[in-house]
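In what comes next, subunit A is part of two complexes: it sits with subunit B in the first one and with subunit C in the second one.
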Partner chain A sequence: MMDKYSLPHKILIYFSIALFLTFMLLPFVEMFMASLRPLTHLFHRPKLELGETIGFADFISRFWSKDFSFQAYSDIWVTVPQLPRYIFNSVFLATAVTIFSLILVIPAAYAYARFNFRGKSVSLTLFLAVNMFSGAVLLIPLYKLLRMYGMLNTYWAMIIPGVAFLVPTGIWLLKSFMEKIPYELEEASFVDGASRLYTLRRVILPLAVPGLVVVGVAIFIGAYAQQFLFAITFNQDRDYMPLPAGIFEFIGYQDVLWNEMMAASLVGILPVLLIFMFMQKHLIAGLTHGAVKQ
Partner chain B sequence: MATLKLENIFKSFGETEVLKDINLSIDDKGFVVFVGPSGCGKTTLLRIICGLEEATSGKVFIDEEDVSNAQPVDRGISMVFQSYALYPHLSVFENIAFPLRVAKINEAELKERVNRAAEILQLTDRLDFKPGQLSGGQRQRVAIGRSIVRNPRVFLFDEPLSNLDAALRGDMRVELAKLHQNLKTTMVYVTHDQIEAMTMADKIVVLNDGVVQQFGAPMELYHHPTTKFVAGFIGHPKMNFLKTTNTVVDGNELQVNIGAETISLPVEIGETKSGDIIELGIRPEDLRLSSDNQGLSMNVEVVEHIGATVIIYGPAAGNDDFCAVLPGDTLIHPGETISLLINSTKCHAFNSQGIALRRKQVAEVS
Partner chain C sequence: MNQFIQMFKPKTKAQTTTLFAWALISPAAIYMLLIVVWPLVETFRLSFTNSNIGTLIEGYDYIGWANYEKVLGGRKFPAIVNRTFYWMFLSVGLKMILGLIGATLLASNIRARGVIRALVMPPWIIPIAIGCFGWLWLYNGHFGLLSNFIEMVGITDGPFSFLAYKKSAFYSAVVTDVWIGTPMVTLFFLAAMQGVPRDLYEAAYVDGASRWYRFRRITMPQIMPTVITMALLSAIWTFNSFEIIWILTEGGPRGATTTLIIDTFKTAIFSYKFGAGATRAVLVVLILSVFSLIYLAVLGRVSKKFGYAGVVK
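Our next item is the complex of A and B:
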């Protein structure tokens, strides 16, 4: 590969990346450090005289001390016995939302990419507009709606609003992918006698795989992030709680088990992290797959 | 194995009328080429035959059966697209098998038919490849393979060679002509390249501005173009057109002047009267170098040595883009002034509406 960047260029690029990554990852570092520190250590403050600043030893002790241990990682399962269930719920809810969203997004995106119909641009704009509402604004009407259909305190209470809020973005994303698939492929398939659905299944979807992965990942992340809001408002059943809501149980009457809460959060992220490490390979495979000249 | 008939086909996209009253009757097993400049409506016409486009009015018949409202697959046609339209994610085998899979043909027969098509097209050792791994010519053959497995009644080709380089195009021309002889199926072929049209067609349809200018055998079009457009479009290099003066009709003879020279034109007079404006057409290959400064004087600007011939360009007799094709060993340099003799028996004549005066039958007509 040709090396087209000069040294100052490279330094600037790496510096920028490092800066960006620092901002992105610092909270995780802090979470991890906090999870290692015993509670007493967490609340320990160096005694300072007026005007005196924190000493070097005290600063270092935030990152390393012989008191540090992974104790919190085993304690969490005792403090909150439901934790595995919460983690499962989180992954399950995000997966369900992704699957249901894709079922709706695929045909819709195909229709928006290929057909002209009355109200096409109006409805597309409306989808964007819906996205501008935060879920919080719609909580009360959604609550009434879910109560009417008897869906409060079920998985559906978190899946349905989740899908509703993520479908518009999915349609926009996938539509642009599908528009890039040459129209002649569909005409060729049509001339050969294939129906629209057959063409969608055998021609369009395989070619849209990179797009589907991107959209799927985007929806999954969205679903994982937004479930907290729906979980604490539409669900009171502990069995259906996702992790972000379950973590509340580390807040006790007396004190907050910060170290265990951080440990539980990190453990909860782990399955998703693994899924993404696995998906990343597919993402790259998918992208090169689509690069075949038509 | 089918005849194809088009009746009063009109097509408009909004306000623009792209096809105006097309009537054509194509024989069984014919190889018909639609040729014309870009935007003349030839691809639209093909898409109407195919069923991808609906005619604004008019009817399409295949084997005397009105298929104007039928789905492409029910018309018994198949089409090879300009971009090949191969499915990039499927192997060559699956690409060729696609129409059979759609038709739910059983696996054994499917395999046999795909293999037979691959054999005809010399793709047998490429069946497991993806289209992206093939050369342009191979992709072209896969596209053809996909269209022949279905045993259609009519083949449609939409500029199939335009994406290939010149050498490959020549080879594929020969292959397509062979394929037509083997399959003995009606083929309709669209191109903007008159050489493809001349070399492959049984019959050529010259289209311009959505109107059929002429429909006939290639040499018929070459020797007897009915309009100035066809005369200029068929043949390479293009026919030269010269303004003439002093038209004289004398019995069956039509005489015109080019400069001081009087030429007697080999055409039927029809309604032409003395004094009418006549334009003379002469093909570059029907000119000879004069040895004694007689004839048409030409200022040579560009000389192209092809090998077998020399093509020279420059102004002559008021035509700035005059062109002549001379024997390959002729020594001419840019800047020279030469004299050319016009073979009057090869001349064409056009009236002021651009309509050709019918040439008298001459021996060369095949």
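Our next item is the complex of A and C:
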């Protein structure tokens, strides 16, 4: 009974949801529409008399017209020959950042989840404090550091700072997963004479696999999303540019080929969208875990 | 030597645990010291120098507080600080309101809830930069959807370039920032709402409480910790927001969207004034530290009052 809505109520709810979704999805719809429109159509303004404004028909033609095609999706590889490379770089960078982050995150998360020790809450707080900073405040010394080790204009220039800003979140997320593994299992393992490290490797890690996958995917999506600031500051080499930086360069051109640029952008977000679609349920449960009262 | 090692050998079980725990944490801790803490200290040191592109070869000098005097006494700086805070409060406020509305809608008993929830997420999971490319096109003056739309319905009588005028550029950037920030806020509010025990609602319903009353008296107090923590975290991230403004306007037109972060980046990276840029970075870090302290204090309070700590990222 409580969850039943009256008709006006129902209409209001669905209407509001439609509005909300329109706001969230409008840029994607428009990006897709732009990618379908040939340039002549894209840069066409109807001839108007003085004082006349765009009519409804003209406006609608941006969503449907006979000359729409997927041409931009094939032209883009010719206009930007490095595009496959950019996409590869993006995926590669995100993968590398995920692997390095997990190597640092797993042991730390285990320690925070399982032991009470001196400096526990202080150090955890300090880790989380890193989330408060933007990479932008560290750019100058990082630039110097990377130059000193000859890492500017390499993948490392984007991997090294990228990892630093994902480790704190990773520790926090994985910690809450590991806390759910019953402690009795470890005790049993200790009783059988297993060492602590052996226990971590052979008892905890296998049980933590679902959590590890979720944290790994969350880090991957984060790493894929943050490829801009460090990329435009520490790397000028097209061979190592991730997709957002590559497309951004595209905007600097005299005449922006918006249809192709939108096509490239949509192709570029496909990897994360696919991963998200498959992992959606687990990801959301894992991320919002802290928001739910236990 | 042997004695030295003996000194550090753990004597009790608690010590063994501490040692083992720290051994596990040390890789991450050392990494953070190197990549975050050391650069922070370096930034602080550089802020007292005149380091710039010209001093790369012959070396820079320490110039005391000169950079700070210049920044804080500068004509533009107060305006930039004001703008940053305005940007932050406006954007966070909108994210909170939209997040609450969105979460309430998604929590209601409707069809295809899962699908709708998934459709709300994309702005959050895709690279911020790519979302901004889409908005760049939406804001286009002659051919953009928004400009054409307001022309069609008669608000303007010709093309309107959203990013070309000071005021409209600022608010356009806010809208994009809200677009990117809202999904996460919605998601966390939704999770918090779904965690509210159902019997509370049922009891209120039986007593004849209206929907609005139930929202105000049950939902809001129950999800308050999440709202507070999300507001603070959102504030910090919005304050730090870089890509959105940089891609849409590069801080323009005529500085209308230059926030502290953009100013820092422009000075340090685009004008190669490393010392002056570092000074701005230090000021940003100081402001953020105040936020963080507030955040931690509030978090402590909230967890005491509500028994749990809301969310952390």
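The definition used in the following text is that the second predicted complex is superposed on the first by the 234 of 294 C-alpha atoms of A that agree within 3 Å, B and C clash if a C-alpha of one lies under 4 Å from a C-alpha of the other, contacts with A are read in each partner's own complex, and residues count from 1 in each chain.
Keep this in mind: a contact is a pair of C-beta atoms (placed from the backbone, for glycine too) under 8 Å apart; a residue touches a chain by one contact, two chains touch by 3 or more.
Here the structure is a predicted model, which means the values were calculated and not measured.
Visitor: Is A:F115 touching anything from subunit B or subunit C once the two structures are fitted on A? First, second, both or neither.
Guide: Once the two structures are laid over each other on A, A:F115 reaches subunit C alone.
Visitor: Would you sort A:V130 into first (subunit B), second (subunit C), both or neither based on which partner it touches?
Guide: The second partner, subunit C, only.
Visitor: Tell me the contact category for A:D192 with respect to subunit B and subunit C: first, second, both or neither.
Guide: It touches subunit B, and subunit C stays clear.
Visitor: Which holds for A:P206: it touches subunit B only (first), subunit C only (second), both, or neither?
Guide: In the superposed model, A:P206 contacts subunit B only, not subunit C.
Visitor: Who contacts more of subunit A, subunit B or subunit C?
Guide: Looking at subunit A, the partner in contact with more of its residues is C.
Visitor: In the superposed arrangement, what residues of subunit A touch both subunit B and subunit C?
Guide: On subunit A, the residues that contact subunit B in one structure and subunit C in the other are 292-294.
Visitor: List the residues on subunit A that touch subunit B in their complex, please.
Guide: Touch list, subunit A to subunit B: 182, 184-185, 187-194, 198, 202-203, 206-207, 289, 292-294.
Visitor: In their shared complex, at which residues does subunit C touch subunit A?
Guide: 14, 17-18, 20-22, 24-25, 27-29, 31-32, 35-36, 38-40, 42-43, 46, 98, 101-102, 105, 108-110, 116-123, 125-131, 133-138, 140, 142-143, 145, 148-149, 151-152, 154, 156-159, 179, 182-183, 187-192, 194-196, 201-202, 205, 222, 226, 233, 236, 240, 242-243, 247, 261, 264-265, 268-269, 274, 277-278, 281, 284-285, 288-289, 291-292, 295-296, 307-313
Visitor: Which residues of subunit A touch subunit C in their complex?
Guide: 1-5, 13-14, 16-17, 20-21, 23-28, 30-31, 34, 42-45, 51, 53-56, 58-59, 62, 103-105, 107-108, 110-112, 115-120, 123, 125-134, 136-142, 144-145, 160-161, 163-164, 167-169, 171-172, 196, 221, 224-229, 233, 243-245, 247-248, 251, 258, 261-262, 265, 268-269, 272-273, 276-277, 280, 284, 287-288, 290-294
Visitor: Per the contact definition, I'd like the list of subunit B residues that touch subunit A in the complex.
Guide: Residues of subunit B touching subunit A: 50-52, 71-73, 77-79, 81-83, 85-90, 98-99, 101-103, 130-132, 146, 150.
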